[in-house]
Amino acid sequence: MNIIGLYNYWIVVVLMMIGFYVVIAHENLIKKLVGVSIFQTSVFFFYISMGKISGATPPILDDHYQLYSNPLPHVLILTAIVVGIATTALGLALVVRIQEAYGSIEEHEIQDQDTQDQMESRLEAYGFRKKHVLSVQNLDE
Amino acid sequence: METLIDIVLLSFLVLTALAVAKMHDLFAVVMLSGIYSLLTASLFLDLDAVDVAFTEASVGAGISTLLMLASLKLVGRYETRTRYRPMLALGVVLATGALLIYGTLDMPHFGSADAPVHQHVAPRYLNDSMGEVGVPNVVTSVLASYRGYDTLGETLVVFTAGIGVISLLRVSRRTKQQEMQKVPADMQQQIILRVVVKWLLPLILIFALYVQFHGDYGPGGGFQAGVIFAAGIILYTMLFGLSNASRVFPPKLLELLAALGVLLYGGVGIVCMLLGGNFLDYNSLRHDPVHGQHLGILLVELGVGLTVAAVMITIFFKFTWRTVKHKYLEK
Amino acid sequence: MTAETLLLLTILVPLGAVIGIVALGHSPNLREAVSLTASLVLIYLTVSLYKITGAGAAVSWEGLHILPGLVLFFSIEPLGMLFSLIGSFLWLITTIYSIGYMRGHQEKNQTRFYICFAIAISSVMGISYAGNLFTLFIFYEILTLSTYPLVTHAGTEKAKLGGRVYLGILLTTSILFLLLAIIGTWYIAGTVDFHPGGIFDQSHTLAAAVLLPLYVFGIGKAAIMPFHRWLPAAMVAPTPVSALLHAVAVVKAGVFSVLKICTYIFGFDMLNRLPTTNFLLYLAGASVIIASLVAMKQDNLKARLAYSTVSQLSYITVGALLANSAGALGGAMHIGMHAFGKITLFFCAGAIMVATHKTEISDMRGLGRRMPVTMTAFFIGSLSIIGLPPCGGTWSKWYLMIGTIEADKLILMVVLMVSSLLNIAYLLPIPIKGFLYPDPDDKKGLRQVKEAPLPSLVALSLTSVGCIVLFIYPQPLYELGTYFLEAAGVHGR
Amino acid sequence: MIDHLPILQVIVPLLGAPLCLIVRSPRAVGLFALLTSTITFLVSCLLLQQVLLHGTIAYELGGWAAPWGIEYRIDYLNSYLLLLVSAMGAIVLVASQTSIDRELPRSRHMLFYTAYLLCLTGLLGILCTGDAFNVFVFLEISALSSYTLIALGNDRRALTASYQYLIMGTIGATFIIIGVGLMYMMTGTLNMYDLAQRLPEVHNSKTVLSAIGFFIVGVCLKLALFPLHLWLPNAYAFAPSIATAFLAATSTKVAVYVLIRFIFSVVGPEFANTVLPLQEIFVVLGISGIFATSISAIYQLNIKRLFAYSSVAQIGYMILALAIGTPLGLTATLLHLFNHALMKAALFLAIGAVVYRVGSSQLSHFAGLGRQMPWTMAALVAGGLSLIGVPLTVGFVSKWYLVLALLENGWWPLTVLVLFSSLLAVIYVWRIVEWVYFASPRIFIEEVKDPPLSQLVPIYVLVFANFYFGIDTSLTVGVSKRAAEALFGGIFL
């Protein structure tokens, strides 16, 4: 069993880094969220790996078995998965609203529009009138 | 054999992750991320984490993929190929990776039974939980009793996400009333599916209840049950339309149920306090501590199930209503 | 009333006046009556205190233990007494003057003006009675902040700019150097209390050598070059403010603090040992000369007076740094003498502005015939600043000169003398032009006397008379000065 | 019930949040949330009293002993912060009763208050707990609810700000669980105090080192340490004013707490400093953060954003003080933690009042408000003065301790830099003052006047606190000192 020694962990690290890279390098807001979930899932995998004992069974007590894997990482990761889905759901809701407000979910396009907003408010500070911006919020209420 | 499965699955995982990073069709990316979750779930199973595998499959591959697809419907399918600035990102990622790899060098090897993790804290759960809590599934006893407070927090996280999604995607009543009748379900024309689901739905819901109440003995519990229950309702919604579904579950009821779940969990804790124990000390619920633990776990799992199901259904409904609103606005 | 109550009242009375001014802001007459009453009460209080302490009683009050070492602590010593007497007396006169000026000039926001004025006076009282550096620092900062709205009173772009320079330099120096020096002192000596003979001992020489320049530069209000820019910048303020700032409150608070720190924190023995003292002394000497030279080039009357102030303040700094009894005595007396002289000059500048709207010196030819009282007062004030009899400035400069000789620093004596000559060169031409040149606007020869409003005229007459009285009867200042030397533990003479 | 105080602290708002959904009516929900947070505040007062009387209080959740179950452990440090957070939670809610009407449609009030209470729960949960994984859970509760609160802002940029925060926050949280996981791997325990005992055995392992690295980077993302602060300015600028006031006063403070708790109670200060170059990193990041973000603040046109940048700068001060690595330095961090919350809450509530009346937080909309909203603007200036660190305000007290701690280590250059950076605060505060008092008003309508009492009272309670705790420091300094000494002295009290 020891052949793979740390192999498992190294793969986990590679996975984490792919996820992490997707989060910070990509500009599409949905893709970032996919990256986050890959990143997190890999961390979960890391926790579960450390709870494993070779030749053991799942920690559901039964007279037939003696050796059980460690239940504590499982409990932690159950919680973490829930936190993960909660974050994803909220993030997606935000993405939907951003799409409605900006007409895009690409980071740089949003930034361009924000810069324009900022220019306008800068002009406004020096006495120019701000263009009317239709916000989706108005439609909602 | 286990090792072989392990290696194969891990390689698949890496390939999937790379594909996710490479592809620009978001639909494919989302499906791949679902596959990624499913593969992870299989690996969890291989690593004896049955409860986690169950949850990852239902959440990562199920709900999460579903929500992503729902939002793709609203935001468009393709990622534009744009100027990345990957060097900085790559630098950060490589530095992080290097730190992690450095960290692994002193780690106890995978699967070794003498790792510190297995020496401290955990043995007590395995050895004494049967006597102290009386539940064969140690994961359940740790989740709901030893670390029951974490689980209360977890329920609250779900609740918080629900509040967040509601406040972001709320649609005014006017829009709803005008559009309610006219919206066809997404898959209305799939007659075969409709028939099958009509038969399947009660089974799904019953299975949810089984998972809810059988969590003490096998994998499962409030969270998984809530998700399965929600999945059943979501399936129904897809086939029979949002209007029908929200007649059964009006938004207010769902919000109330979500709140009640948390209150039930917290309430059990408070009752324990009033009966002389610490917060969430189920021993004080009954004369016999083990009976008390049983009752406590049953109730808090029910609370978790309630909140999770209600929040998941709410979130799905909100996303769907948003689609309806968009159609309305297009007209 | 106990002496302690009196002491606190001197600080609280001007603050109390604030409430009255706010409440009666809608009725200018009542509002100014409050200011006047408060200033009269203040004079009464300070004079009573003077009598009590003159009889040898030690008066102090302690409260608000903020942190260990940071205690609000007031303690009356002669130099503070002197400063508070001058401050309270000149508040009365400035108030009288402002009534005429502000109304004559139809200024806006007069209520705010009187409020800030009263707060500034309260902090002057706080500074004069401060028993430790922390208390001094608090009131020093309150003074800065409360005079800021006065400087920017006009609200114009230029006023804002002036306010920025004012606040910028004063806060920068006080936070960057003064606060650092105070914290350093607390850290090194373990106390920030004023103590006769200083609080440092032999072993602290090196640290003290670093702290001294921090103090001297940190007290930006003393306007030693190169941190003097705020003073000309503050000239955008209404003239009563300039009078208050440049004669009484702000700048005097600065040099007062320098003097007090030199005597009560460092002590003359320590100062004489420090390598940095000489450097600062010559810097102050350079300030004296350079500021005088710059003053000569100014055509704007207020700007010229401002640079003159910069120069005169450095006299006092020189006096403090000479670290001998004659220098300190001269410095202390010069606080009073210069206050009377310079406030007279500013009052005159303001009176000219109200009556004729003239600000440039080149326009003031022949003005003496239209405003004889003002110009005479200006002449007297100039004499006092120059240090010529029969005006009070003579005495203080006299002692300062002796101080330089005692300290064996003949270069400085030359500096002071040259500066006096320069004073003559930039001050006397104004009354000369006023009296001896014909008025270009007055072609028809109609010599109509048109002075400033009566309250202003009264005020400037009073101060100019004061200049002369102080020549004939300088005893109060002299006595306080000698008490100060005793209290500071110097028995030179 | 006294025994149950630790859990009541968290459980009251925890159950209050879902109850909001049952109350539903907008007005009633506001009052209900206020009631809940007031009870929470009272609990925290009792708790602090208990801790001061009896020392550390441990509470076993579920009745399971420490490393097996989750434990709440309240000592000086967290009882002090519990008081702060719950007090801010209650005070801000008083103002929200009216302020929220202007910024949110009525249908969202219920959701706002629910999210608010959830956020409060999360923050209090982090403070109470003695379990490393439990920190993560409550961190996420507070994070998810803050994303919601921020996204409720009116501007569309609130959405992107919230998204950006979500991504950064999630990365931070994931780093934290990686760190916790690695530590758990080496010790087999999650309880902080158990960890502290078991970590020394494996101190030299590479795994523990990288665990510490991950945890600290994760927390620094959460506390917006420069240069990881990019999410903060927009988040604060576009959130509803009430949310900004609450988050600015509490959330980063709690993250700083996590850092302190981790370094001192879990890893141990000696180890953290000897093995990792933490001190150097923190000093460099702290001081460069102070300057970079203070300068950014000067160039902002939106006041909320301006003060958001200033918040990042203030975090720099805390981290710098922490890096000094002495009890005095830690005291300064803790003091500034408390004091900065007081200032920022006052400032953001005052800005909220302006948004309530004027509808914008753009600098140009503040023109001439000094006349139209005199009380609000006075509060704004008072808060600004406190931020600068004027004596008699809390800002001075924390800066005094910071400088004292720097001097104790002989770090003169840093001392000068810190004092110099206060001047940057002067600049950005004074830009506002000039707009407020010296620009002519944009809108001449009757409605622009001071906000209703329900907003003015909390603002003035905070302003009063700014001065009160600047004068009577016995509580803040006393508790900070005891907490700092306890953290240095040993982990188990």
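Just so it is clear, A, B, C and D label the chains in written order, and each chain counts residues from 1 on its own.
Definition applied: a residue touches a chain if its C-beta (ideal position, glycine included) is under 8 Å from a C-beta of that chain, and two chains touch if they have at least 3 such contacts.
All of these numbers come straight from a predicted model, not from anything done at the bench.
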More contacts between chains, C-D or B-D: B-D
Per the centroid of Cα atoms for each chain, what is the distance between subunit B and subunit D, given in Å? 31
Chain centres from averaged Cα atoms put subunit A and subunit C apart, in whole Å, by 66
Taking each chain's centre as the mean of its CA atoms, subunit B sits from subunit C at a distance in Å of 75
When the centre of a chain is set as the mean of its C-alpha atoms, what distance in Å lies between subunit C and subunit D? 45
Among the residues of subunit D, which ones contact at least 2 other chains? 107, 133, 137, 140, 144, 147-148, 151, 178, 184-185, 190
Residues of subunit C that touch at least two other chains are none
Could you tell me which residues belong to subunit A and also touch two or more other chains? 16, 20, 24, 50, 72-73, 76, 79, 83, 86-87, 90, 94-95, 97, 140-141
By the document's touch rule, what are all the touching chain pairs in this structure? A-B, A-D, B-D, C-D
Could you please specify the touching residues of subunit D with respect to subunit C in the complex? 385, 388-392, 397, 400-401, 403-404, 407-408, 415-416, 419-420, 422-423, 426, 430, 434, 437-438, 470-473, 477
Which residues, counting only subunit C, touch subunit D once they are in their complex? 64, 66-67, 70, 134, 137-138, 141, 145, 149, 152, 155, 159-160, 163-164, 167-168, 171-172, 175-176, 179-180, 183-184, 186-187
In their complex, what parts of subunit A are in touch with subunit D? 16, 20, 23-24, 29, 32, 36, 39-40, 43, 46-47, 50, 72-73, 76, 79-80, 83, 86-87, 90-91, 94-95, 97-98, 101-102, 110, 114, 117, 121-122, 124-126, 133, 135-137, 140-141
What residues on subunit D touch subunit B, complex-wise? 4, 7, 11, 14-15, 17-19, 21-22, 59-64, 67-70, 107-108, 111-112, 114-115, 118, 121, 125, 131, 133-134, 137-138, 140-141, 144-145, 147-148, 151-152, 178, 182, 184-190, 198, 202, 205-211, 213-214
Per the touch rule above, subunit B residues touching subunit D in the complex are 99-100, 102-108, 115-122, 124-125, 145-150, 152-154, 156-157, 159-161, 163-164, 166-168, 170, 172, 255-256, 258-260, 262-263, 266-267, 269-270, 273, 277-284
